[in-house]
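First chain A sits with chain B, and in the next complex the same chain sits with chain C.
Let's look at the complex of A and B:
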């Protein structure tokens, strides 16, 4: 579903040009969840932004659902394949738009019929009551806001969801609810997830396969089973893993 | 046990509003000696307000009340603001999540440390500068010459926290209130900052109140854990025995945490019981 080959991402120009991602390749199958973990500055968000089309200065090949995308130009069809859920749900939602108009916006942009009914259906899917469509972001909790941004990401029936630290701004109890919701949606709708996070507990819970990034490269790729069993090769992966063990 | 460094009895923080009063902290009591105490709770549980009450840095609308708020044998709840200001920084220090908001944005970080040296150690300008360099080195900043003239917006989060800690090394406070000091940091940087806090504490008797929502981190780093829910303390237990928690709220939090050593298909969702907000934990 997502096929990334030899991806290089750059920032800046001339002598200041910074090579943030160096030759990253990975594949995510349909219905799979792939996790990218690493520290800030490791390039994991740059990979996500390049795939999402938020950053245009990259080389290599990115194929979404079989067709490659152009770094500089995205077609409407490309755009409908992919949606992002951001880390900070307050920053990602317009503070002066109601929940209803936030979710309806992608529908209007793409000229889909009957946004009203779709918004109601989407709210139900993320387990929010229909009356929430009249609320503003500051009138709902952080977990509810993250549900709103998930509902917006679902609006176009995009097969791929990019999740950029979707629960790191949430409390543990709310995080559990949102992660469960994401898993339910994935199995109901056959979604493909690419998730960026630094929380190894979340990665081990959500992702089928994991790429560990450091200094713009994937230093180790491993399966969920290997991560849980502790079959990790790189000392850095070991260090990350230990932070998610409660007893030990 | 000797006289604790901090002793809090029946602390209440209320926000009077139109028609109703919001009771944010409800009858909180605890002591801190020469130890690391973790304070865990969700957003809105009152954990940060508890920390800020001790610093007397509450929002204007808040009304704190307590039977006892004793620090170093002194009642501090009614201390005049001028004396309180002397206490802050000298005797009680606070580290916040984002050092950018704790540092002066228009003064380079080295000068800020030097200023602390001039105030606390009564050093001259030149000596203070040298001392600040030493301190930067002491908090494991590799290239003090390069870091000294940087402004807070030019340093990373981990570097900023280390600079905050460098200032505390000078003042040697006997109580440190750390409110989510490492939440914004990467794993390896987090470990460095925690190690520094340990180094700082090893030199003098220091109580540490470590406010966090990260159960894993608190279990590993702290000696004792206090768990707050809806403004109350529901449970206090040794950090090493956190997994033996008895209160259903603590158990619920632990169950909701995704863990590599206990993989599950679905995470348990916390069921909130209204009685948790009524009863006071024994």
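Let's look at the complex of A and C:
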């Protein structure tokens, strides 16, 4: 579903040019959840932004559902394949739009029929009551905002969701709810997730396979079973795993 | 205690406006407005500004009923009369009633301020938002033009424009509008820069929203409050510039009642007939101060950081 080969991501120009991601390759199968883990600055968010089309200065090949995408130009078809759920539920939703118009926006952009009914259906799918349609973001909680953000990402029936640390800004109790919601949606709709996180607990809960990133490279790829059993090869992965066990 | 059983219409309306359980888009918008109105009226200074501006609007609307005389009828037997029961603010050098001219002058003042605001708001916002959102060469070109116009004092620039366009209210409006949009554009650009990289704008872009849609749906609601505040505060300087142009003979032409022109024509009789300059001057002072107070109040209400 997602096929990334030799991805290089750059920031800045001239002498300031920074090579943030160096030759990253990985594949995510349909219906799978792939986790990119690593500390901040490891380049995991850069990979996500390049795939999403938010950052355009990259080289290499990114294929979504079989067709490759151009770094500078996205077609409408490309856009409908992929949606992103952001880390910060406060910054991801327009403060002056109601929940309903936030969720309806992608439907309006793509000219889909009957946005009103779709919004109610999407709210139900993310377990929010229909009356939330008319609320403003400042009238709902962080966890509820993140559900709105997920509903918006689902609106176009995109087969791929990019999750940028979707729970790190939430309370622990709310985190579990949002993660379970994401799990349920994946199995109901057959979604493919690419998730970026630094939280090994979340990885163990959500991801089928994991790529460990450090200094812009994937240093190790492993399955969830291998992670849980501790069959890790790279000392850095071992270190990440052990810190997570101590904390969690 | 016992009369709580039957809520009055007023109470029901209030409950509808503060209810947490919003059931329609209309109610959600009404609640936003209601919250804004409540916080605006909680500041006495802003209320004072609002009242004076409302009085100005009412005076302009009902000028024919408020005026005691025909503002244009000259009577050379009644020149330069002191304020009296018959002529509340006296008469001018052509025997016209100052109070009536002042009331009709409110129309001219309001006409100029509204027209300038309606021209300047959209132009300033569009130039600033496009420059801020597009960036690169577009930004450089638009902002250098803005800087050139900003470099001149606005009254001097307005003078130059109305001198070349010819005197008259229409040209005065045009001249003032040309000098007032640059600060609005700067403001819109600054606000746009703060939100163009936000996640919600990124989300809209990833969904495929066009630049026009992002500017209209996402950037406009963020910029609007500060632009409204800026324009309200600007109204004071619009009034002063209009009065200045009128005073110099480049604004409204006689016999149109305009406060600046009235003050100017009374200048020759300042010693003998103080009321000719004093009352229009007081009117200019009061109204521009009221717009300033209202602008300050609106700034507190509309600050997006207040939710």
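Rule of thumb we're sticking to: the second predicted complex is superposed on the first by the 245 of 248 C-alpha atoms of A that agree within 3 Å, B and C clash if a C-alpha of one lies under 4 Å from a C-alpha of the other, contacts with A are read in each partner's own complex, and residues count from 1 in each chain.
By our rule, a residue touches a chain if its C-beta (ideal position, glycine included) is under 8 Å from a C-beta of that chain, and two chains touch if they have at least 3 such contacts.
Note that the structure is predicted; figures quoted are calculated from it, not measured.
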Of the two partner chains, chain B (first) and chain C (second), which one does A:39 touch, if any: first, second, both, or neither?
-> first
Where does A:200 make contact in the superposed view: on chain B (first), on chain C (second), on both, or on neither?
-> first
Touched partner set for A:131, first chain B, second chain C, both or neither | second
Using the touch definition from the top, say if A:54 reaches chain B (first), chain C (second), both or neither.
-> second
Scan A:119 for contacts with chain B and chain C and give back first, second, both or neither.
-> neither
Taking the superposition as given, does A:103 touch the first partner, chain B, the second, chain C, both, or neither?
-> neither
Of the two partner chains, chain B (first) and chain C (second), which one does A:172 touch, if any: first, second, both, or neither?
-> first
Would you check which partner chain A:213 touches, where first means chain B only, second means chain C only, and both and neither mean what they say?
-> neither
Using the touch definition up top, name the residues of chain C that touch chain A in the complex.
-> 20-25, 27-28, 32, 198-200, 202-209, 213, 217-218, 221-222, 304, 307
For chain A, which residues count as touching chain B in their complex?
-> 39-40, 142, 171-177, 179-180, 183, 198-202, 204-206, 224, 227-228, 239-241, 243-248
Residues of chain A defined as touching chain C within the complex = 52-54, 74, 76, 79, 82-84, 86, 88, 91-98, 100, 105-106, 109-110, 131, 134-136, 138-139, 149, 152, 156
Residue ranges of chain B in contact with chain A within the complex | 42-43, 186-189, 213, 215-217, 219, 242-243, 252-254, 256-264, 266-270
